[in-house]
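Next up: the structures, one after another.
Both of the next two complexes hold subunit A, though its partner changes from subunit B to subunit C.
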Partner chain A sequence: MQLVVNTAIYAAAVLLSALGFRLVYVTGRFFHFAHAITIPLGAYTTWLLMTSFGMPFVLAAGLAALVTGLLGSGLFLGTLAPLLDKGAGPQVLLLASLAIFFVAQHGLAVAFGDDAHAVTGTTAQAFEFFGGRATGTQVATVAVAVACAAAVWATEAYTRAGAQLLAVAEHAELSRVFGIDVRRVQAIAFAAGSGLGGVLGALIAADQSFAPDMGFQWLLPGVVAVLLGRVWHVGYVVLAACLVAALRTSAIWFLGGAWQNVLIYALLFAYFAAKPTRLAAANPLG
Partner chain B sequence: MEYLVFVLSLWGIYAMQALLLDVLVGEMGLLALCQGVFFGCGAYGVVIVGSYPGSSLPLAAMAGIVISGLLAVTVGAVLSRLGGDDFALATYALALVFHDAVLHWTRATGGALGLVLPEQVWHRGDGLWANFAILAVIASLVGCAVWLSTRWRAAPLGRLVNAIREDETLTRSLGRPVERHRLAAMLATAIGGGVGGVCYALVVGVVDPGGFDPMASILLVAMIVIGGAGTALGPVVGAGLVIVIPEVLRLSGLSGSTAAHLKQMAFGVLLYLIVAFRPNGLFGRLAIGVERRS
Partner chain C sequence: MFARPTMYIPSILATAVCFSSVVFASCGKNVHNDLHKTFGAILPLTGPVASYGERARKGIDLAVKDLAAAGTSPITVVYEDDQDKTALAVAAFQKLVDVQKAPAILGSASSGVTMALAGVANQRKVVVLSPIASSPELTTKGGPFFFRVAPADDAQAESMAKWLLADGHKKIAVLYMATTWGQSLFDAVGRHITTGGGTIVASDSIQVGETDFRTQIEKFKQSGADAFYIATHGKEGGTFVKQARELGVTVPLYGADVWSSPEFVAVGGGATEGCKLIAPAKPSGPAFDAFSKHYQQVYNEAPDVYAANAYDATMVLAQTLAAGAKSGEAIRASLAAMKPYAGVSGPLSFDAHGDVVGRGFDRFEIKSGKVAEIPR
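And now, the complex of A and B:
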């Protein structure tokens, strides 16, 4: 039973990572590697606010999400949007995003050091589910992930802002012709996506130690979930996150903990082997 | 002097690979982020095969190069059907799989500690001459790569590859086998990577996962982006800059960890500036990424 609980907790973390990445991917239409930095940024901001200002965890995590969201959006507007304006293709944007990631990740390492940090003072209360145990933070991770997935789905399905986001994702030029402020929609999507990364970082910080290089370790399972979930449908992304988590648990059970990431990376490669279509050129809602 | 020869040897190893990788990244417009895999196959191949009793340098080196080539043909069958950022992400996934595999398959690769090149394969001795000899071989290989890339570019095949880059559908409609050309280019870059890996093992003497992580693959692409694609000069200059910047920082007196991070930050800033303001690189003929947004 503990395995099922652990799988559910990891699936929730993957889902948060996937939801954040998905928002920036569908609106930007390129692989935004620098999105990985939002996760350690959220963790370090939470840690800083709790240790330097004595804030409670929930307030610190909320502020961390806000800071991360604003920084993510600001980075997009300041560094990547000008390239989009010049007509840069996805490969150029991917390279630029990688460059930003290097600067940000190593900037964090210079500021806070390479050593792992840990947040103390969060609740140590444990909950029991049919024989499996989870900490309060882990239960919160699952609840936050489910709530965020529902919010993203409802926003896209029922609100004008969500419709605009999908319109920009489907055809940015046409959306501009019909009067949608494409850059504004993209900036909001990057802020929301980065904020979700910040939330994930804060929740990870409350549950385990963290370091500046943790970003990719959490982003890539999310990317796999987005791709396996066919990008556009939140429900499928939720299922894909569960699948990724189940595969990871199987890898740990059968092969040992060291091989858990290899299976996820192999799955990413296998996805392209089985489905050699251009994601960026695909009709999003087709 | 020994240190200078070592740095020049590394420059040569990366320059040779960047020249061949330019066929994929520059001429074909495919962002291949897995060159470190072939580089690693060559290095690990020569050390692992060289540790068998009765093995020799030519045999071990050939094994390393053949392993790289075979892997390129195997994964190339999948990758040659991809394009754009799908190709980039799939190759990056391959680089991640390879790195984790060599890190955790400790029985074969020695894990994080790596493997030492056996004495029976290469006895360096204690003189500077051995290092000079390797440098001379590497310089010859760079010369060969320059000659190959220049000749190839002037040949009809070079123009055909450029046509694939500019309009894949049109090239396909003319009956040209796009996938086969991509596979051939991947094989050429993989053989370059295998040869580079063998040279790396001889120069450094130890192979460990750190030298062939996904960052190594990104660095090789960055050398082409910074120096410029589609010319012989660009990748060589780009490799020189990427190798020299860390060495300059090493001499600045900063502590090891901080200097390493500042090096990566400097590299990131340089890469962004080139991508944003000089898409053709310093001496390039072609811009990276021709794909237009839909």
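And now, the complex of A and C:
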């Protein structure tokens, strides 16, 4: 049972990573790897607010999500949106985003050092689930991930903002013709996606530890979940996050820790081999 | 389809300016290095093991200041950050040797990176002196130009195996880093435990920077191990210990020397209480006390064994320089024949493999958040 609990906790973290990345990917239509920096940024902001201002974890994490969301959106509007305006393609934006990530990661290392930290003061009380154990932070991680997935799905399915987001995701130029402020939609999506990254960072900081180089470690499983989940359907992304987590647990249990990422990326390759045109589909919502 | 030649002019000018700056910079350094007083230091100053490189840098800086103040054999040390990456370390080595003309390099921290440095150092006949690297493999593969101040891990592994068995633990689960250091420590501990009548009932490796070990912990619990030995860095070790206690692990937790890093307690918090580790014997005596006082005045923190090792490594290089050794070969010969140097970390001399002589390991335990030595 403990393995099931462990898998659920990891799946929740992957899901939060995936939901955040998915929002910026569908609206920007490029691999925004600088999104990875939102995870340590959320962790460090939470830690700073708790240690410098004595804030309780929940308040600090909420503010960290807000700060990270604003910074993520500002980063997009200040650096990548101008490139989009000049006609930069997905490859250029990917490389520019990667460059921003490395600069930002180094900035965090210069500001706070490379040493790992942990957020203390959150509850370490263990809860029992049919023989499996999880701390309050881990239960919160699962609850937050499920709530965020439900919120994203409901927003896209039932609200005008969600409809505009999907319209921009499907065809930005056509959306503009129909009067949608594409840049505004993108800015909001980047803010929401970055905020989710910040929430993930805060939860990892409380549950495990954090350092400037933690971003990619958590972003990449999320990216895999988004791609395996066929990007556009939140329900499939949730299932894909569970699959990634189950595969990782199985790999560690049966083969050893060295195999945990190998199987996940092998599965991703197999998926692309089977569906080579999926990402390039002209009408992904169709 | 082809660009006009004039379109290349800005690119050519920019390249020429960059190239010229490198040439002038290297010429300037060459003038300085005619005095043969510049050594290189290649350490992980950023990245996942930066805390070790940073403490070594502080020890080296203090030695350089003390040498300058004494005025007997002032030296300059040029730092390069390898980020714990082999390729960066080798590139830094080429720069320090070709541009700075450094005859000796201090570094690095990780055994894998240091092994790569030793390889090129032997080709170029440049001395590499590491204050931290401890893999037993370096004893046999380091080559004649490699020396180190940290004792080799085989002694650590033997001490740990004896301790585990003496505490009555026969079934051991081992987690280790998937690095040269971690693998060699795992191999050596496994060998000594088996020889002593114990068994490795479960084992797994992890990557640097990993933070979720719940599945490995569950695997170890299921194995029936009566003790866990965790050969990881402080960051990963602290997280492991925290998660193990959260998951109800009650067996004793033993760790490697690098659990003495402040990161271990910072990350693991209260869960680290009672954790046991083998680490290089803590320096003692009037020389270390004076160094410790001076270090605390400068950095406002207590030095650890790696800072003391780095201080001594710098001092012995300066000593060889003062004795007239100006090339890598001369420094190698001087270090190999060196009589015990009275360092702050203890008497320092090297055996035929470049390993430090007479350094051992002691037993420690985390008590009230501090690394406390267990009296024998």
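By definition in this document, the second predicted complex is superposed on the first by the 282 of 286 C-alpha atoms of A that agree within 3 Å, B and C clash if a C-alpha of one lies under 4 Å from a C-alpha of the other, contacts with A are read in each partner's own complex, and residues count from 1 in each chain.
Criterion: a residue touches a chain if its C-beta (ideal position, glycine included) is under 8 Å from a C-beta of that chain, and two chains touch if they have at least 3 such contacts.
Keep in mind the model is a prediction, meaning the values are calculated, not measured.
K.L.:
First (subunit B), second (subunit C), both or neither: which does A:Phe269 touch?
P.N.:
A:Phe269 sits against subunit B, while subunit C stays out of touch.
K.L.:
Looking at subunit A, does subunit B or subunit C touch a larger number of its residues?
P.N.:
In the superposed model, B touches more residues of subunit A.
K.L.:
Quick one: is A:Ala211 in contact with subunit B, with subunit C, with both, or with neither? Answer first, second, both or neither.
P.N.:
Only subunit C is touched by A:Ala211; subunit B is not.
K.L.:
Per the contact definition in the header, classify A:Asp114: touching subunit B only (first), subunit C only (second), both, or neither.
P.N.:
both
K.L.:
Check the residue A:His106 against both partner chains and state whether it touches subunit B (first), subunit C (second), both, or neither.
P.N.:
both
K.L.:
Looking at A:Ala258, would you say it contacts subunit B, subunit C, both, or neither? Reply first, second, both or neither.
P.N.:
both
K.L.:
Who does A:Val4 touch here: subunit B (first), subunit C (second), both, or neither?
P.N.:
Touch partners of A:Val4: none, neither subunit B nor subunit C.
K.L.:
Quick one: classify A:Ala246 as touching subunit B (first), subunit C (second), both or neither.
P.N.:
Touch status of A:Ala246: no partner.
K.L.:
Starting from the residues of subunit A touching subunit B, keep only those that also touch subunit C in the other complex, and list them.
P.N.:
Residues 106, 109, 113-114, 258, which sit in both footprints.
K.L.:
Can you tell me which positions in subunit B touch subunit A when the two form their complex?
P.N.:
Going through subunit B, the ones touching subunit A are 29, 31, 78-79, 81-86, 88-90, 93-94, 96-97, 100-101, 103-104, 218, 221, 225, 257-258, 261-262, 264-265, 267-269, 271-272, 275-276, 279, 287-294.
K.L.:
Would you tell me which residues of subunit A are touching subunit C in their complex?
P.N.:
Touch residues, subunit A against subunit C: 2-3, 6, 9-10, 106, 109, 113-118, 120, 124, 126, 133, 135, 204, 208-209, 211, 213-214, 217, 248-249, 252-253, 256-258.
K.L.:
Where on subunit A does subunit B make contact in their complex?
P.N.:
Residues 29-31, 79, 82-84, 87-92, 94-96, 98-103, 105-107, 109-110, 113-114, 171-172, 220, 223, 258-259, 261-262, 265-266, 268-269, 272-273, 276-281 of subunit A touch subunit B in their complex.
K.L.:
Going by the contact rule at the top, pick out the subunit C residues touching subunit A in the complex.
P.N.:
46-48, 50-51, 54, 178, 204-207, 209-212, 214-216, 218-219, 234-235, 238-239, 242-243, 246-248, 262-263, 266-269
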